[in-house]
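Next come the structures, one after another.
Shared chain: chain A. Partners: chain B in the first complex, chain C in the second.
Let's turn to the complex of A and B:
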């Protein structure tokens, strides 16, 4: 009985899955363990890391007021990006999901178009618009609305705007895919039972789209945490996030410090992922039966 | 019976266009209270559109729809108080059986204990007690069907709409559900509108059947009226098999007519055509007996040649040819019949039906 046999005992299971598993172990899990080890070692000026174990790397990161500010900013930017992505992305996804398959495909391509341009190019584009001598300031000064150029660049807003333009498509596509998968007759069933459009949305559409919302939120969250170019160019030296701190630690050769910060980032990602799953409970829709 | 006063659902000159395509043409239909009413027809005939207009999922291009005398044409589905069982059941996958059934009551803001009581009663009714906490995916097709039915019935709807609701079930289960659904409908006295393309199902279950074709209702009547006295060639051909015979009316009176069908003259009961008119007649294969000449009696008869004899268990299908036109007869006893033999086919004059031009 083929169906009764557990997947790992089926023929070819290991033959097919062993190579990628092995590659993941060697090139991903291995280095990660090494990094984890390094994060608990003392710094050294001559080698990658010193030779005695310590919690200092973590303790410093979590007590230093600048680091705490950076963590707070990171969480603030991430929350803003997630919030705006969800609020702007969901309605767009609703529209996209109702299109004919052909129009949906074209719209998806249009949505993905910004992602075809390099992050660097796009960030410089925003600099041209938001910068000290950028388009917005130019227009506002010329119109006499302001006397001196505003500082838009190197702020929270600049970083959020820059990230949104990259990440919104991920959110829209992720939600639209799960909305498209909802059988239209479920909406009609809800209506037939007396649910108005708002209640149909709340009791049927929203819960059934939760897998897409959850995966969209996680994608956006993880990509925000790891975005560097956008943050470096639009946040500059004045508005740094955790990922910039990792980069700074590496460029000053504080490898153990960089490793510890990386694990703080990873921990944030894991906690956020768990929270998203906990709140949206996408398994309600997926894992039954 | 004054059907307009008793009608639970009424279509008043309803037309429905999709862009340039006419889906429903000037439909006038009364669905009497408490009946099991079937909309029967091939795919694309407009039967589903008709059902969806009762629900309010489709809006008529012209005309009005009434439910219990109230004009509902512009009322959205969620304020129409109907129950619907969808073709694929459309159970909410993220809700348990109990939550699915309770949904409509929750929308009506009933008290919690009242909801629990009615959910329990309705699950009893469809014999699904004990399944409250299961999820749709954990149920068989038949069980899902019952949940869908319970969910539609628990809200005490004015009409129960069934959209090809049994077609996903296998044959055995389907026949079982046909009987059960019919019993339930009769017990509750609820008006049910059932969309199906299966003529046997429509005949089995319905009080009345509307046969539809290309957006038009060809005939409305009880199953036996539809089957025994089809008014058009389409109805005669769609429900079971029919032999079609062309002829010319020789003489006509109130109680019958003599018709010349290519050399032989036969009589039919009741005739609306007049002498000299060309007419088309229908005759069910099972109404034909193959007999010896002296056994014809006072029945009508023609001579035909046997072409094929196929044993089908309950009956034997005899394929015949007469004047180059094929005919079929279903007989019990086919002893002695073999291809090439000339035989006498006899039927009662009342069995043959004069068709109206479609």
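Let's turn to the complex of A and C:
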């Protein structure tokens, strides 16, 4: 056994591990703790926050009828996005998983490319398609189906479509990854025992792909909650979600309120994550997700 | 029955790809339109909106700042990410699990909350705008560098490192002559991903940009919210898409498609 060690072990271990650790603690963990602290402080008109502790920031947000409507709306949009993502994403993942490795690689690349483009560009693309003078209204008016342009943006549907197209690739990729890991002989076994394709899907494919479905759903949920720009552009001032409320609180300088709303947002994400785990129970399945 | 099933699968797949790529195609097509507002199909071909883009000071400076920020922050993120990967790749299972989730956390954490918490901190200590923005971009890019390098280190044979040192190379020399060249594809793809992420970063930048210090995505967002309809936004968006396409081609050349998809 050689005693030589790479330099990133001793004696340089701390020189290598300290900078990234410090950066993460100081600029990620630290600010979050400060935010958590501020969420329990009274508001102040001259400073970031006042100097006595209170639960009011949470209590007010959770009793205010407009805020409750916003939270319900957020959950509604998220549920719709999750549902449609699953219904459209799963079949695509099945198709991708059946491809030859070379074609799968190219398809994955096509799926990844839109993810690399900034959300604001993709939301702008939807504005040009769904907007007042957008593609759909242009075509419908020209064909004589309608006389005046429809109002498509600033609605529930527009927000869902915008979010859907941002999040579908995440869903497809995580399901496809767990589908390709399934041993093909399991399908053959099920079929040779007389199961029809539907039964095979329900008893073999679906349970084995549940880790991918669970991680895809969780990712989509988390990203939906913070997709402010898409929601602001396609929902406008009429259709606001919880993340818009955080933003509005910041622009009116109500820091403790904004902090409390952020943690309500985070709590929703964690509860939803736990529920998804509970329903799909992906840990029953060995293998990658 | 089976034929029908396949037909449904293919129909849904086609629909999904139209939904994903449609908005991008529309943006690129209208960027080259000579008309004043959105028309489809465009009445001709012109570069007038690109000239318009570069003649606006605020757009041009946002574009330059975005490129500078992406280069600077992705380099710092790559260095920190490699250090983090090296320090966790071979330590004990339980400890490295904790650090791994710490380093990967900014990837799944709602970035809007990250942006808000940084803004509050910066207000508290009086951080200059540009430095604060750069730190946020580093933070958002770091997990990508960490993950890609970490994956490369999994297949790295540590006895090569020991061989180098037993032949008399100093630990540092050994890292640069043996380890780094072998894990380079992972490092490079993480670095380029950090560049891409920084170039499109919105959620933290929304809080952290200030007057005179604006990135291209934020400039586009502001323009869409307050000015609306002008097609100069299409040109700005097309430049964004073109830039990313360029990086992807570089990546494909340098590290191959397979590694790109995996990271």
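Everything below uses one rule, namely that the second predicted complex is superposed on the first by the 259 of 289 C-alpha atoms of A that agree within 3 Å, B and C clash if a C-alpha of one lies under 4 Å from a C-alpha of the other, contacts with A are read in each partner's own complex, and residues count from 1 in each chain.
In this text, a contact is a pair of C-beta atoms (placed from the backbone, for glycine too) under 8 Å apart; a residue touches a chain by one contact, two chains touch by 3 or more.
None of these values were measured; they are calculated from a predicted model.
Of the two partner chains placed around the shared chain by superposition, chain C is the only one that A:114 touches, whereas chain B remains out of contact. Contacts of A:243 after superposition on the shared chain: chain C is touched, whereas chain B is not. When the shared chain is aligned, chain B comes close enough to touch A:190, but chain C does not. Contact with neither chain B nor chain C is seen for A:253 once the two complexes are overlaid on the shared chain.
Looking at the shared chain after the overlay, A:13 reaches chain C, while chain B stays out of its contact range. Of the two partner chains placed by the overlay, only chain B lies in contact with A:208; chain C stays clear of it.
With both complexes superposed, C is the one of chain B and chain C in contact with more chain A residues. Once the two complexes are overlaid on the shared chain, A:136 sits clear of chain B and of chain C alike.
Of the two partner chains, chain C is the only one touched by A:168; chain B is not.
Comparing the two complexes, residues 197 of chain A contact chain B in one case and chain C in the other.
Remark: chain A residues 183, 185-186, 188-197, 199-200, 203-204, 207-208, 284-285, 288-289 touch chain B in the complex. Per the touch definition, chain B reaches chain A in the complex via residues 55-57, 76-79, 81-84, 86-88, 90-94, 103-104, 107-108, 135-138, 151-152, 155, 161. Contact residues on chain C toward chain A in their complex (touch as defined above): 1-2, 5, 8-10, 12-13, 15-17, 19-24, 26-27, 30, 37-40, 80-81, 83-84, 86-88, 90, 99, 102-103, 105-106, 108-114, 116-121, 123-124, 135-136, 138-139, 142, 146, 158-159, 161-162, 165-166, 170-172, 174-175, 179, 196, 199-203, 206-207, 216-217, 220-221, 224-225, 229, 233-234, 237, 240-241, 244-245, 247-248, 257-258, 260-261. Listed in rising order, the residues of chain A touching chain C in the complex are 2, 4-9, 12-13, 16-17, 19-21, 23-24, 27-32, 34-35, 38, 48, 88-89, 91-92, 94-95, 105-106, 108-114, 116-129, 131, 133-135, 138-139, 161, 164-165, 168-169, 172, 197, 219, 222, 225-226, 228-229, 232-233, 243, 246-247, 250, 255, 258-259, 262, 265-266, 269.
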